[in-house]
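These notes concern the structure reproduced below.
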Amino acid sequence: MSARTKDDIAAAIARDITAEHPDGAYVNLGIGQPTLVADHLPHDSGVVLHTENGMLAMGPAAHGDDIDPDLINAGKIPVTELPGAAYFHQADSFAMMRGGHLDVCVLGAFQVSAGGDLANWHTGAPDAIPAVGGAMDLAIGAKRVWVMMTLFDKQGASKLVPTCTYPLTGVGCIERVYTDLGTFAVGPSGVHALEINGIDIDDLVERMAPLELHLDRVVRAGGDR
Amino acid sequence: MSARTKDDIAAAIARDITAEHPDGAYVNLGIGQPTLVADHLPHDSGVVLHTENGMLAMGPAAHGDDIDPDLINAGKIPVTELPGAAYFHQADSFAMMRGGHLDVCVLGAFQVSAGGDLANWHTGAPDAIPAVGGAMDLAIGAKRVWVMMTLFDKQGASKLVPTCTYPLTGVGCIERVYTDLGTFAVGPSGVHALEINGIDIDDLVERMAPLELHLDRVVRAGGDR
Amino acid sequence: MTARICTGTGGTGYDEAVAGTADGSTVLVGGFGMAGMPVELVDALIRQGAGDLTIVSNNAGNGDTGLAALLATGRVRRIVCSFPRQADSWVFDDLYRSGRIELEVVPQGNLAERLRAAGAGIGAFYSPTAVGTPLAEGKEVREIDGRTYLLEYPIHGDLALIKAHTADRMGNLVYRKTARNFGPVMATAARTVAVQVDRVVDTGTLDPESVVTPGVYVDRIVPATQEAAA
Amino acid sequence: MTARICTGTGGTGYDEAVAGTADGSTVLVGGFGMAGMPVELVDALIRQGAGDLTIVSNNAGNGDTGLAALLATGRVRRIVCSFPRQADSWVFDDLYRSGRIELEVVPQGNLAERLRAAGAGIGAFYSPTAVGTPLAEGKEVREIDGRTYLLEYPIHGDLALIKAHTADRMGNLVYRKTARNFGPVMATAARTVAVQVDRVVDTGTLDPESVVTPGVYVDRIVPATQEAAA
């Protein structure tokens, strides 16, 4: 079994949302890669998408004549409206998030700590212009907040870290991390691999060091051990 | 000139609202006597009535077939809807008041102090069941809060007092007091009679003592001095 | 997570909507006077039998029905409301005077805002209402920008009982006139939200611009009649 | 107090709507990206010429038009927003890097809630957003019921510029789809509220159940075309 593509990761997230919320769920998908999750949700999943700029029951991206400049998602991409949609203003939209009414939120990340801290808004570069958008609200804005990212950065360093070195977006807010090389639970008891894909377990443990990786909960391992 | 009836007082309030807000005003009329003010507002006054249970552009009381149990005022009396009406929930309705968006609120009172404190929710009787409703929100809920009451209670004691003896509803919130025997400005500079009706000024000063009544602003005096 | 239409298998839909209410629950009850009062849901809560309840509602019951009937069962330990005493609140009055019910009086606007805060994930807020009054007793006072405020905390419910006009199958709600009152804020403030409605319409029927309570807040819906559920 | 329909005597209606804006004003500008962005009102504010402005808006301008054009005039001293840096925010980027504009970055939800608090007369509130992050610096921290919060203060505007879909002559507003975004909260938070709309309809035409911004909040209305004002 090989490492997962973006679509494979998105499919795994979609599979878990539907399996763990059989009656449907209210879900916010962060801008960028997490939006791919929508493509993998079955039509009868009962999943309703929230976009923080003020809408529930958001549909797929709009094309051609369906594009309406008044109907966009949080990434400012034209989208469509599904039956049962509702529009609301920004304070109501973030009240819905902050109040814990959404079931799942999926975000991208620069780093996630073993304890579930999230860093996804700022690289820490001294000349970077700070811009947070809804990232900090989303980080604490659902019953369960998951991350979708590559496990290693371009320099080969693990983005799952003992302690984030980038500026934080939220503290202890992440429950699970979906990556190309596996799925991980994070939190007070540290990092537990749930699934490993396309990499030998020993290799994975070594490359993620000094992070301590717990293997007690691995349900699927795609490596050759 | 005689003492003012309830309707006279209401007419005086209506006259001042329209004179002082020639472009119209958003007004809340407290339950009980203040609702009479509505009957004295000209149709073209531009005054829009707010009821704190969630409506703007409230119309007159409903009768007969017009009665709709879903359309009531804060006194739980069936009312009607005028063109341009809007409905909103309780948090939005009180946000509108608390945020100072209404121009005038008219309330009944047990007592008003020289400094503008209001007592209108509780007699202070030890066995009374406390019940405040929207009184404390209304007391601070408009740019200008006026009181409509009789000047003296049944025992002949002035209800305009140096310091309220009844439990307070709000502190320093009242700007003006309309009574059967005159209209008074209250506030940091004390009580100034603006108009005196149906009572000799000297009698009035004597009966209101020990309250110090300033007479520098009297524009109409209905007594026989 | 989608709303359940309660059609009353093994009882009425109202019974189904309040099933599982635990002793000691905090129950938010909508309505201002009779407008928006979920009478049939309150009646079902009486049949359901949960005790040691805290009730949050604008009033404390009228006459001998609805909320007053619930109070009369003796199963309400505490009531949080703005205006308990009314001409026909004899049930509450008697319980209160004989020390059999606790009362927290909250100004109506603070009541609405505390419910909103619960639904919006706000930890507490500073309100100018009630400053300098007996209802300020025990509350933290703070001056901000020259004005004095009191610190007010959210009011969370375990269950909310509200009445709306129309629901779609996803639980989106619209209300009718001043019967809207506490419904929308209470719907955000409780873990389980049960709504009685005049009718249920197909999803896609309500105008998305006009939905007042989005379906995310609604758990159980009881249509007024079986036909209304069709 | 009723809303004024600005038909542009001696200029465009947009100019009439922003007339009298003082130097040093705080101006709230609606919109999320281009949805709900009151471009023509911002252009009128440029013509009007007020300086030393504080702008509150979700973004800090795109390309060379609208908010970006206003920034380029050098008349904005400070901007409060959630997401200034975008692919086409070169005007802001240049001003910021050369130290010619002050920036306060506020998480989007706190921005919306602080505007709402201003409109609702709330003195301050405790928000869980940004706890433990660099944006918590200098803010009061408080633990309530086991969770940590930051104290956030209201954002008041002298002027709000927003875009809605339809207004009636009393100033009641409805919006269109996600263009609603910041409009309703900004309309409550400013002393003077100017709204550009696609059309103005007679009072009594809008459904009272569907009004999103009641007329009490609206001061000046500019219809998109003269015909739309008829």
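By letter and in written order, the chains are A, B, C and D; residue numbering begins at 1 in each of them.
Going forward, a residue touches a chain if its C-beta (ideal position, glycine included) is under 8 Å from a C-beta of that chain, and two chains touch if they have at least 3 such contacts.
Model, not experiment: these values are computed from the prediction.
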{"item": "Between the pairs A-C and B-C, the one where more C-beta pairs touch", "value": "B-C"}
{"item": "Rounded Å distance between chain A and chain C, as computed from the means of their C-alpha atoms", "value": "35"}
{"item": "Gap in Å, rounded to a whole number, between the CA centres of chain C and chain B", "value": "30"}
{"item": "Centre-to-centre distance between chain B and chain A (centres being mean Cα positions), rounded to whole Å", "value": "56"}
{"item": "Chain A residues counted as touching two or more neighbouring chains", "value": "81, 87-88, 94-95, 97-98"}
{"item": "Touching two or more other chains - residues of chain C", "value": "113, 116, 120-122, 127-128, 175-177, 208-209, 212"}
{"item": "Touching chain combinations (by label order)", "value": "A-C, A-D, B-C, B-D, C-D"}
{"item": "Partner chain B, residues of chain C touching it in the complex", "value": "32-36, 82-86, 93, 96-97, 103, 105-113, 115-116, 127-135, 175-185, 212"}
{"item": "Residues on chain B engaged by chain C in the complex (per definition of touch)", "value": "51-55, 68-73, 76, 81, 87-91, 93-95, 97-98, 117, 122, 127-137, 140-141, 167-171"}
{"item": "Sites on chain C touched by chain A in the complex", "value": "1-2, 116, 118-122, 168-170, 172, 188, 203-204, 206, 208-209, 211, 214-217"}
{"item": "Touching residues (chain side chain A, partner chain C) in the complex", "value": "21, 23-26, 46, 48, 50, 56-57, 81, 83-88, 94-103"}
{"item": "Residues on chain C engaged by chain D in the complex (per definition of touch)", "value": "113, 117, 120-128, 142, 144-145, 147, 149, 153, 174-177, 207-210, 212"}
